[in-house]
Each structure stands twice: as structure tokens, then as C-alpha cells.
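Consider the two complexes below, in which chain A is the common component and chain B and chain C are the respective partners.
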Partner chain A sequence: MRRRIVQGALERVANRPASISAFSSILAIVSGLVVGFVIMLIVNPGDAVPGFLTILFGWLSEGSRSAGDMLYFGVPIVLTGLSVAFAFRTGLFNIGATGQLTMGAFTAVYIGVNWGFLGAFHWIVAVLGGMIAGAVWGSIAGLLKAFRNVHEVVSSIMLNYIAMYMNTMLIIQLIYNRQYARARSPLPSAHIPTWFLRDIFPGSSVNIGIFIAIGLTILLHIILNRTVFGYELKSVGFNRDAAKYAGMNAKRNIVLSMTISGALAGIAGAIMFLVAGRHLEPVNQLMQEGFTGIAIALLGLSAPIGVFLAGIFYGALEQGGYYLQLYDFMPEIIDIIIAVIIYFSAFSLFIQTYVAGYLRRKVGAEVELQQGTELK
Partner chain B sequence: MSQTLGIVYFLFPLVLASMVPLALVALGALFSERSGVINIALEGIMVMGGFVGVMSIRYIEMATTLPPQLIAFLGLLIGAFAGFAFSFFHAYASINMKSNQIISATALNLFAPAIAVFVARTIFLSRRVVISGNYLIREVPILSEIPIIGNLFFTRAYLSTYLGIVIFIVLTIVLYKTRLGLRIRSCGENPHAADSLGVNIYRIRYIGVLISGALAGMGGVIFVLSFATRFDGTVVGFGFLALAVLIFGQWHPLKILYAAFFFAAMRVVASTYSGIPVLQDIRLPAEVYRMLPYVATLVVLAFVSKKSQAPRAAGEPYDVGKR
Partner chain C sequence: MEYVIEMENITKEFPGIKANDQVDLKLKKGEIHALLGENGAGKSTLMSVLFGLYTPDAGTIKVHGKKVTIRNPNDANNLGIGMVHQHFKLVHNFTVTENIILGHEDTTKGFLRYDNAAAKIKNLSERYKLKVDPSAIIENISVGQQQRVEILKMLYRDAEILIFDEPTASLTPQEIEELMKILRNLAEEGKSIILITHKLTEIQQVADRCTILRKGKYIDTVEVSRTSNEELAEKMVGRKVVFDIEKAPAQPGETVLTVEDLCVRSQHSNTDLVRNVSFKVKRGEILCVAGIEGNGQSELIYGLVGLAPLSKGRILIHGNDLTQASTRDRSLSGISHIPEDRQRHGLVLDFSLEYNLILNSYFDTTYQRRGFLNFSAIRTHAESLIEQYDIRSSHGPLSLARSMSGGNQQKAILGREIDRGSELLVAVQPTRGLDVGAIEFIHKQIIAERDRGKAVLLVSLELDEVMGLSDRILVMYGGELVGEFDPETVTENELGLYMSGARKRGVA
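Here is the complex of A and B:
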């Protein structure tokens, strides 16, 4: 009897390829957490267990305040994750999210500092400005790919550094606060509003960026799964030549998908810096959020809703890391965990093939791996 | 005239100090890509090599009274070994697990600075690893007396410069004049043909990636010894700059040298332009010079990538079934 139940459960899993992919994601997360825990055990065995629990559940420790901050930390990562995931689905690897985010951040802050005359529309225009800057930066990689056959990974790496230096240069030329050696603060009218969130999450930094993230997640889900446009983008991603043969404009679609991807990263940059107490600095350092987005896109299986959940999970880790210093652990342990998670999620195809093979032997079910969510 | 010469004598050793590690790390990337594995983890491997190497140098400095150049040499070796070991993770993921090589490299790039800063902060309570930092050779005895060449190559130099030049020449010969080199190149160009001739693709690719790891690791130590007296958990994009050197140099050792010279010159100009009369008058921000190598690489890519010199199979996991 029991055997039959197990058999049935396995069959059900085997017939749902998505759950095999999800399994490999969870395996990657668990591996990352295990490595993190082992490192903590080595550094400080006494506090490793409470410290580790803090990473996982720290976001609960101060109730609605820390939960709000978890969302606050999660939003930019959700957006860069969506940016990378959208490009993945259309067959492109957007490693340039950090550059697009930087350009978006600078443009948004520039508008936030200077265009006070916009009044109530100020923050909206600033976010839109960030979005456009990110889109333009993304489209460069798209144009180079479509018309000059330049691999988007290589061009994006170059564009990341160009954006980084440009950011430093423009800050110093245009919006420099010499006294603090950083960019000037955006006017309060450019801050992302908090609306009623301030009452739900008193004391936390959360703002309506979370609604923007939710809205964009739903929008992308619809575009990718329910529209002709999304279908075309995915088709070009699967097989550029076949899509062309079917009458689709492959070049246009490549440019468009990099543009959209860049726009998402640009919005992330705007939301990150249009808040009180956070400043752009002319420091010649790549912003890590763009790279974290790659991890989030992988964990979320490149599906918008999955990315959203993974991004909020990241926010929880980040928030946990914030409390970690209570136990004498350095918060970089979070970055280590994320890096290990990315490393193991790179194995996903292998794990999926292995699990599928195992299930096939076990239940004799024909397992077809879900195409499109996995990366070659 | 003599003033111009003075500026050249002042700048050239600085350019050389940047050029050698750039060319060395780019050569490492060349080995990896020629064997068929794209390695954008150079940045992370440099950080790892730099961190381990500098930590070792710090402890050797404290524990012994060895001559500085010997300490530097040991540090370079240890850094190379750390890079070698660290790049194993990339090799395993890309070769055995047939992973996406960009993803596993990104993981390494994130992991290295995180672990370096984590360990440094745990031990020293600061992200900085400080060393005494006196590894400049002011004048090489006798050789610095040679007119012109003495001023250009044998004053204000680093041990790593000479070591790097020797390694660069040796490895270039290995890649183009030996059986191993031919095998490495064939694995990146047409692995199935190589396999049919009995070449062990996996082994050759491991060799390619691990050599690139060792060179990048050594490059990380060179970076710290030449440009700073401390390690901050970053090599500020030097690894990616080396990747740009590889592409700008079109996957060819001699052109890599030209590219490294150009990029190194831009780096030096960006930090010293206020002392150079001509550039002082133009008054461009330093970032323009720093940006220029990347812009130039993009332009080159846009014009040549239709007939790219990149190894054909680079980035593709080896799949016997596709033969």
C-alpha cells in the first residue's frame, strides 16, 4: 500500500517537469545554505546555530518592521531578477543588468535633484527617466547582437564598466556634493512614496516599490505567456533561424527584448536610490544587485512569479544578514551563500537530467524536460 | 626634448607595470578559450589569488626576515596556486557538469570577494590586508646603466615584470609550437575531430582552465604588489579589463601585447594625466581615459565580429553525442 503511494507520488512528479526544475532550484538553495552554515561552524562554532537561524528567520525578529525591510531589500533584486529572467526566456544572457541599473540610478537621481518643478509627478518622472536610461543602455547590447553579431555577454561586460565610469564622471560634473563626496540628495518630492505602507510596517523603509515590482511581475507573466509578442520573443530565443522562417523579425525581437530587460534594471536603479538616506557615490565599483539578479532569475526558473518569490527570499536573507552582526558574524556570509547558490544552480541541467533519468528507471514514466526554463 | 624624454622615462615603467599583468591574465584567458571554455571568472580568480598571496606575504613578512624579492616570489607562486585551485570549480562545472559557463563564472566572481572580505574581517576586523609593500626594485644593478633601455626597463621595476615576460614567452611557445598546444587549440576549434583522433577533450580542457586560473591568480598578486600596499577584497575590474585585452587582441598573443600596451597606457594616463603637459591642457576627466579601453573594445567587436577570431567551440560543453 505504502509502496503504491510512493509510486504514485513519483509518477505525479515525473509527469510534471516543472516540479523537477523546482527540485533543482531547491537543491541549489539548500547547498548554498549548507555551505554557509559550515563556514559559520568553522568560524564560530558556539554561535553558528543561532546565527544561522537569524539568517533564515531574522526578518521575523522585529515583526512588521523587519518584514517591511525584507520587502524593501527584495524589491530591487526582484526587478533585476525579472530583467535577467526576461532576457533568459528570449535566449539572451543579460549580464549587463548592473550597467543598466547604474544608468537608471544616475538618471533618476539627476531628475530627482534638479526637476523639483514637477511637483506631485516628480518621482514618477524620475522613475520613468531611470527606466528609459536603462532601456537605452540595454538596447545598445541588443543592437550590437542583432546587427553586428556581437555576443551580448561580451558587449554587456564592456557596457557595465563604461556605465560605471560614466556614472562617476557625471556625478562629479553634474550633481556633486563636495562636502560629503557623494551625489546630492534627491528632493523629497522625488522619493518613492510610502502611502499606507508606513502604517502597516511602522519604522521600516518599505515603499510602494513593492507594488511596482508586483505589477511588473504580473505584466511580464502575461506578456510571456499570453501574448503573441511574448510568443515571438520566446521563439526567437529558441531558434532564431526557425523564427525567421516563420516570418518573425528576429533582429527586431532581439533589440526589443534587450531594451525591455534594460528598462527593468533601470527601474530597479531608480527605486534603489530615490529614497531618503541612500546616495550615489563616485566610487568606480560595479553595483552587485545586477549580478544577484542572475541568481534570482535562475532560482525563479526564469518565470516572473518564481523570480518574485526568489527575490523576496533574497530580501529575507539580506535582512537576516543585517541582524547577524549580533553574533559576531560578518554579513558577507550572505554573499557567500548567494554565490554558492548560483554555482549549484548552474548544475540545474545536469541535476534535471539525472533526476529525470532516475524517475524514468523507477516508474517507467516518460519524462520530458521542460524546455525554455532551463539554460543550455 | 629632454623634458619629453624625461616624461617617457617616467611613464614607461608605470605602463610596463600595468601591461605585464594584463597581458599575462589575458594569455590565461586565451588558454582557457582556446581549449573551449569561456572564462569570465578571471576577476574572481584574481581576487582569490591576490587575497591568498597577500595573506601569505603578510605572514611571511611577520615571521621571517627573508629578502623582499624572495618574499614577493613566494607570494606570486602561492597566489598562482590559489588561482589554480580556485579555477578547478569553474572547470568542474563547465566540463563535467556541462553547465552554462557564464553562470558558474559569475558564481566565482561573486564568491571570491565575499570570502576574501569575510575572512579578512573575521581575522583583522577590517577588510584590509596590509603588507609592508616595499617590493619596487629601484634600479637593477649594471643593467640600469645601459642607455635608454636601462631607463625604460631596469629602473623602478618589479620582479613580477621580468617573471611575467618569461612566462608569457614560454607559454606562447607552448601554445603554438608544442603538441600540447596543438591539442589545446584543436579542442576549442573542433573538439569532435580532436576526440576522434584520440585526444582526451576533458583532460585538455582542464589543463586550459587551470593554466588560466594559475595565471589569473598570479596576476592578482602582481596587481596588489604593483599598485597598492594593501588588499581590499577587489582588483577593481582588472580581470574584466584583461578579458577586453583578449578580445581587442583578437585571441592572438602578439596582438594581445599591443592591446595590453594600449590599455595599460590608458590606465597610466588616467592616474597621471595632470603631470603630462599636453593632456593637462585638454582637461578631460580621468574617467574618460579609464573608459576608453572598453569603448575601443566595443568598437572593435562591432567591426570584426562577423569574421570573429574567437575559437569556434568556446563556450559549448562537449557532448560526444553531437559527433
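Here is the complex of A and C:
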């Protein structure tokens, strides 16, 4: 009897990869936290427990202010996560979210600095500009993949560097503030509005980027799960040969997927820099948010809603890490913990394959066995 | 009589299910013992237990009367048990000798020595009449010869008990004949052989005794000479089996598909894999392209449906030129295609069954409105096909294609393609790897499609299928059509000669 229940459960799990995957994501988070805690114990045993609790619940420590900042930190990561996840669903690995984000950020700031005549539409145009720049940058890798069979990982890594150096060059040539050695500040009319959010989360930096993130999450969820376009994208992603067999235009889908992916990263770049007090700098450094997006996409299992939750979770850790300085920890510890979680989330892919493979073998043998009976 | 292997009460359980339920298998010295059963009957599990890939939950294994525990294939090898797998495990760019000694190399101070090995291989191949050139590269020799290399590999390791897993699956009739001789030679020389198969004729030809498994259970062990094919089949399936495919004579109508002078280029080199192939398929007939695997049949079909570019030739359906048309346009112009590899081309394994059932029609306004999928129409469609084609799965329309058995995956593809009502049904190896029940079902559906007045183009490697199902046979060899035959008058042997390239004649 007990065995039958166990078997039923196994079978259900094996037939629903989503639940296996969710399990492996949670496993990744838990293992990451455990390793982080161990590191904290080694570094500073006395403060490890309160410090660890701070990382987990720091976003609650100052009530609505810290909660608002959690959302603020989370939004760009949600967006780059969505960017990578969307490409994943078409079987493409967009490691170039960083470059697309950089291009989006520069374009948005450029518009934000120069196009004050737009008035109330200023910020909207700036965000759209960032989106288009990211889309163009993403489409280059897509076009190369579709028509010249250049692997998107190779081309988008190279495009990351091109974007990084171009960003430095263009800032100095077009929007340089010599005094502070950084890009000029976008005009207040280009700042992402806060609407009523600062009343709910007083003192925090939150803005309506969170609504944009929610909106895009829902939009992508609908595209992927309810439309013909999503059906095609997923077919190409799961099985390119079957997509060809079904007469789908794989090239078109590859280009579109990379373009949309780039657009999402571009929006992330715009939202990151169209705020007061944050500036683009002409430093030759790749922006980390694009790479974090890869981990978030893995952790969120490439499903828009999963990515949203994972991104906000990341925001919470960032925010918790901010308060960690109250204890005797170097602030870098939070980077280590986040890195470990990210590491394990990449590992979760392996866990996922392993768990699924294991269950399938077990249940598969049975399916095979039933075949004889079934066909009568 | 002494037994070399005694497997008694072997039980192997996977979560909640017994893949082997108290199975016995006793192998006498010097006999050929067939192991018969449908797919999933537990043959592979039993052999995996013997070969050390699975540990049994219960039961004992004795080799030469001594109780043994076999933990892994190395243990099995040390006990003198060798196995020829269905898919050969050979290194393609190594020579025959290199492959045979792989893992058992003779070395002096770290340097390979071939002299002893070469002598031993020469000796073995003479003794067992396994003719093969020791210096040939594997990829340059025929499948039949590759199989001999696999056999030599076992003999080189001094195996006394040889397991053959479906050894005739990819051989020509002549090569099968050769293999049967080899098997008999081996048995006469005192080797004991287990032959895993579901082909009854082979058992009758070569086996001494036969053990039958069904649904994991031991059914019987019989003396082959005292048992008829019908009895064997009944024990295997558990009911009476209709051997002959019943069909009325064909009544061909007007031409549906015309293929003229078709050439399909290889994607890797500059040679044509299909050369100047021309034929016609008429309404109400089943035209079969027969041949040994890898003679251009797959490429011919890829070229026909638009999955590979043509280097020459024309394709017409009802006089409409489709030579330049895309895969989608060809499909909409009346080509339904049951692909050779159902998991690679036919299905998106990570999609649900209902999604897979619209793979070739999702863009139709029945299933979408303004770009949004119409879920209720998709569900209704799936439910009707599931009912009509008896597609069994654990969660109905929502089952993942991956979780379904091969037979049911194939029924889903068959249903999807027939349901589209195309004028031409292209079916490539539609029964590959399926068991008797599923094969019967699929054959009936294909004949029914013909009787509805559709044209059917069948590609098959199985001679039984070719002879039983087709109304006209084309034989393909080396990328060309080498003969056209009437299944009523041609013999299997004659077809075999054409299939192996020994004979050839023009095709009208």
C-alpha cells in the first residue's frame, strides 16, 4: 500500500517536470544559504546567527523602507532574468544581456540628458529608447545565429565587450561631466516616476519600475503560454528538428527571440540609470546585472513568474546584505553568499536533469512494461 | 545435461512494478537458446541482470553450477559472458584489430603490441569462419562485418556464453543467412548462445530451445523443433495472432505524387545521396521503397517533404509543382508525413500530447484566433484522436509525450497525420521498434487510408512489412532505384539480391 502511494507520487513527479524543477530550485537556494552560513560561522562565529537572520529578513528590518528598496534592487535583476529566460525558451543562451543592458542604459541616459523638450513623455521615450537599443544589440547575435550559424554565446560575449568600450567612448564624447568624471545626470523629467509608491514605501528608492517588471512578467507569461508565437518559440526551443518538420520558420523565431530578449535587457538598463543619484561611468567594466540574470533565469526555471519571484528574492538578499554591516562582517560576505546561491542554481540544472532522469528511468521501465497490456 | 547458466526465480522490481517476476532461464552447454517476448516483456531486464547492469532483488544465478554475484559487466566478462548489443559499440575510425583489443591491449613498456593479438584474431576468425579484414577501418565495412567484429571481440575475451540482442535488426536477408551459419558454427564449437529476438522465423531456423516471457513473467521453455510458429506467437502475445496482413487488391486511380529525376545532396560532402530518382504514386495504392538502411531512403524522404534541399529534379502533387515550396507549403498542399525518427522529428517530447497533436496544424484558424491558442478546440481535437486511434497515456491530453510508450507515441503521430486528410501519406518505418499489437494496428490504419483513396508512400526496412503491406515495391540501393517489383510475384531472396546491390535493373 505504502509502496503504491510512493509510486503514484513518483509517477506524478516524473510526468510533471515543473515540480521536479521547483524542487531543485529550492534545493539550490537552501544549499546556497547553508554554505553561506558556514562561511559566516568560520569568519565570525559569534555574529553568524544574527548576521544570517539579517540576510534573510533584513528587508523587513526597517519596515516599508527596506521592503521598498528590496523591490528597487530586484527590478533590474527580474528584467535581465526575463531576458535570459525568454531566450532559453527558444533554446538560445543569451549570455549577452550585459551588453544589451549597457546599450539600453547609455541610450536611455543620452535621451534623459538631452531631450528635455519631451516634457511629460520624456521618461517614457527614454525607456523606449533603451528598449530599442537593447533590441538592436540582441538582434545582431540573433541574425548572426540564424543566417551565418555563429553560435550566440560567442557572438554575444564579444558584443558585451563592444558595448562596454562603446559605452565608455560615447559617454566621454557625448554626455561627459568632467568635474565628476562620469556621465551627466538625466533631467528630473526623465526619472522613472514613483507615483504613489513613495507614500507606501516612505524613504525608499522604489519607483514604478516594479510595475513595468510585473507588467512584462505577465506579458511574457501570456506570450509563452497562450499564443501561437509562444507555441512556436517553445517548439523551436525544445526540439528544433521537430519545429522544422512542422514547417516552422526557425530563423525568424531565433531573430525574434533574441530581439525580444535584448529589448528586456535594454529596459533593465534604462530603469537602472534613469534615477536620481545613479550615474553611468566611463569605466571599462562589464555590468554584473546581466550575468546575475542568467542565474536568476535558471533559479526561476525560465518561467516568467518563477523569474519574477527569484529576482525579488535576489533583491531581498541584496537589501539584507546592506544591513549586514551592522555586525562585524565585511559587506563582501553578501556577495559571497549570493555567488554561492547562484553557483548552486546553475548546479540546479544538473540536479534537475539527474532527478528527472532518475525518476524517468524508474517510471519508464514500468511504462515499457505496461505497453504489452495497453495495446490489446 | 549440464547447464552453463541457471537463472532461478529472478525478480527485479522498479518502484511498484515487477520487470522480472520469478523468471527462470537455463542455458545448456552448446545450445542456442532463444529468448522471446514483446517489447517490455522483460527480456532486456533479464539480460541486464545476467550482464551485471542490474542487481536482482531476488533469485540466484549459477554459472557452471556455481552460485555467483554479478555486480558489473566486468564481473560478467570474467565469468566468460559476452554480449553483442543491438547497436554496436565500435570506434568508427579504428581498425578492426584496434577495436577487438580495445580494453585488453597487449603492451611492452607502455607500447602497444599487435603481433600476439593479430595472431589470435587470425586464429579465431579461421576457426569460427568469421571472415573479416583485420586492418580495415570500421566505417568502411558493412554492418554484417561490423557484427562479426563484435563477435570476435567476445571470442577474443574468451567468452563461453554469448548473448545476442536482436542481432538481425539491421541485416539483409543474405547477411542474416550468414549470421545463422555463424551462430550454428559457434554452437558446434561448444559456445552457448542466448538469442534475444521477437522474430519467430529466426528462432525456427536456428534455436534449439526457446524461453518465452510476457509482461515480466516466465511463460514457458519449449523445444523449438516440437513447437509451431503459431504456438510460439500465442505464448508471446497471450492470444491468437493474425500473421497475414489482410487487404483487398489495390485499385489505383490517378497519379497523386510525381517525382522526376530527384537528386538530394549530402549536407556534409559534395556528393548526391539520392541520384536521379523518378517514380509516381497513385491514389489507392501503397508504394513501398525497400532497401537496407543508409541507401538514401531517408534523404529521399527529407528531399520530398522539404527537410533537405534538392540539387536537381521536380516534385509534383496533382500536377502542382512543389519543387521550390517550403516544408509548410508542401504539407498544406497534401503531404502528410510520419517521420522515420518519431522522437527527433515527429514529436516535441516535452510538450503535452494535445500540443503534439496540433504540431502540423496549430496555425489553422480552428486552433487559434488572432494569434491566441484556442485551448478548448485543441482539447476537443486531442480527445477525438485519442478515442479514434486508441492512444493510451497516463494523463490523457495532458500527458507529456516523453512519458508515453513508443507504440502510443507512434499512434499519436499516425492519428495526427491521417486526420489532416492529406492526399499523400508518407510513412517511414512506421512500425520500427514496436510490438506485435501496435504493428497490427498501424498496418490496418495504413491499409484503411489506402482504401479511402489516398496515396501511400511507405519506406520500410522490414521485409515482412514490405511484402505484406505494399502493392508495388521499389528497391533502393546506393541512392538509386534498382528495381520495381510486384509483391505477388517476387521472392524475398530476389529482393535481397537487389537490396544488397548484387543485381540491378532500370526502373520505368
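Heads up, the rule we're going with is that the second predicted complex is superposed on the first by the 331 of 376 C-alpha atoms of A that agree within 3 Å, B and C clash if a C-alpha of one lies under 4 Å from a C-alpha of the other, contacts with A are read in each partner's own complex, and residues count from 1 in each chain.
In this text, a residue touches a chain if its C-beta (ideal position, glycine included) is under 8 Å from a C-beta of that chain, and two chains touch if they have at least 3 such contacts.
All values reported here derive from a predicted model rather than from experimental measurement.
By the touch criterion defined above, A:Asn284 lies against chain B but remains apart from chain C after alignment on the C-alpha atoms of chain A. Once chain A of one complex is fitted onto chain A of the other, the partner contacts of A:Leu159 are limited to chain B, with no touch recorded for chain C.
By the document's definition of touching, of the two partners only chain B reaches A:Phe347; chain C does not.
Once the two complexes are overlaid on the shared chain, A:Phe238 sits against chain C while remaining clear of chain B. In the superposition on chain A, A:Arg178 makes contact with neither chain B nor chain C. Shared contact residues on chain A (touching chain B in one structure, chain C in the other): 375-376. The touching residues of chain A, counted against chain B in their complex, run 39, 43, 93, 95, 144, 148-151, 153-155, 157-162, 164-166, 168-169, 172-173, 284-286, 288, 291-292, 294, 298, 330, 332-333, 335-336, 338-340, 342-343, 345-347, 349-350, 375-376.
Contacts from chain B toward chain A in the complex involve residues 40, 89, 93, 97-100, 102-104, 106-111, 113-115, 117-118, 121-122, 234, 236-237, 240-241, 243-244, 247, 285, 287-288, 290-291, 294-295, 297-298, 301-303, 305-306, 308.
On chain A, the positions that touch chain C within their shared complex are 3-4, 6-7, 10-11, 14-17, 226-229, 231-232, 234-235, 238-239, 241-248, 360, 362-363, 365-376. Residues 14-17, 19, 38-42, 45, 214-216, 237-239, 305-307, 326-331, 337, 339, 344-351, 355, 359-360, 362-363, 368, 371-373, 392, 394-395, 399-400, 402-408, 435, 437-438, 441 of chain C are the ones touching chain A in the complex.
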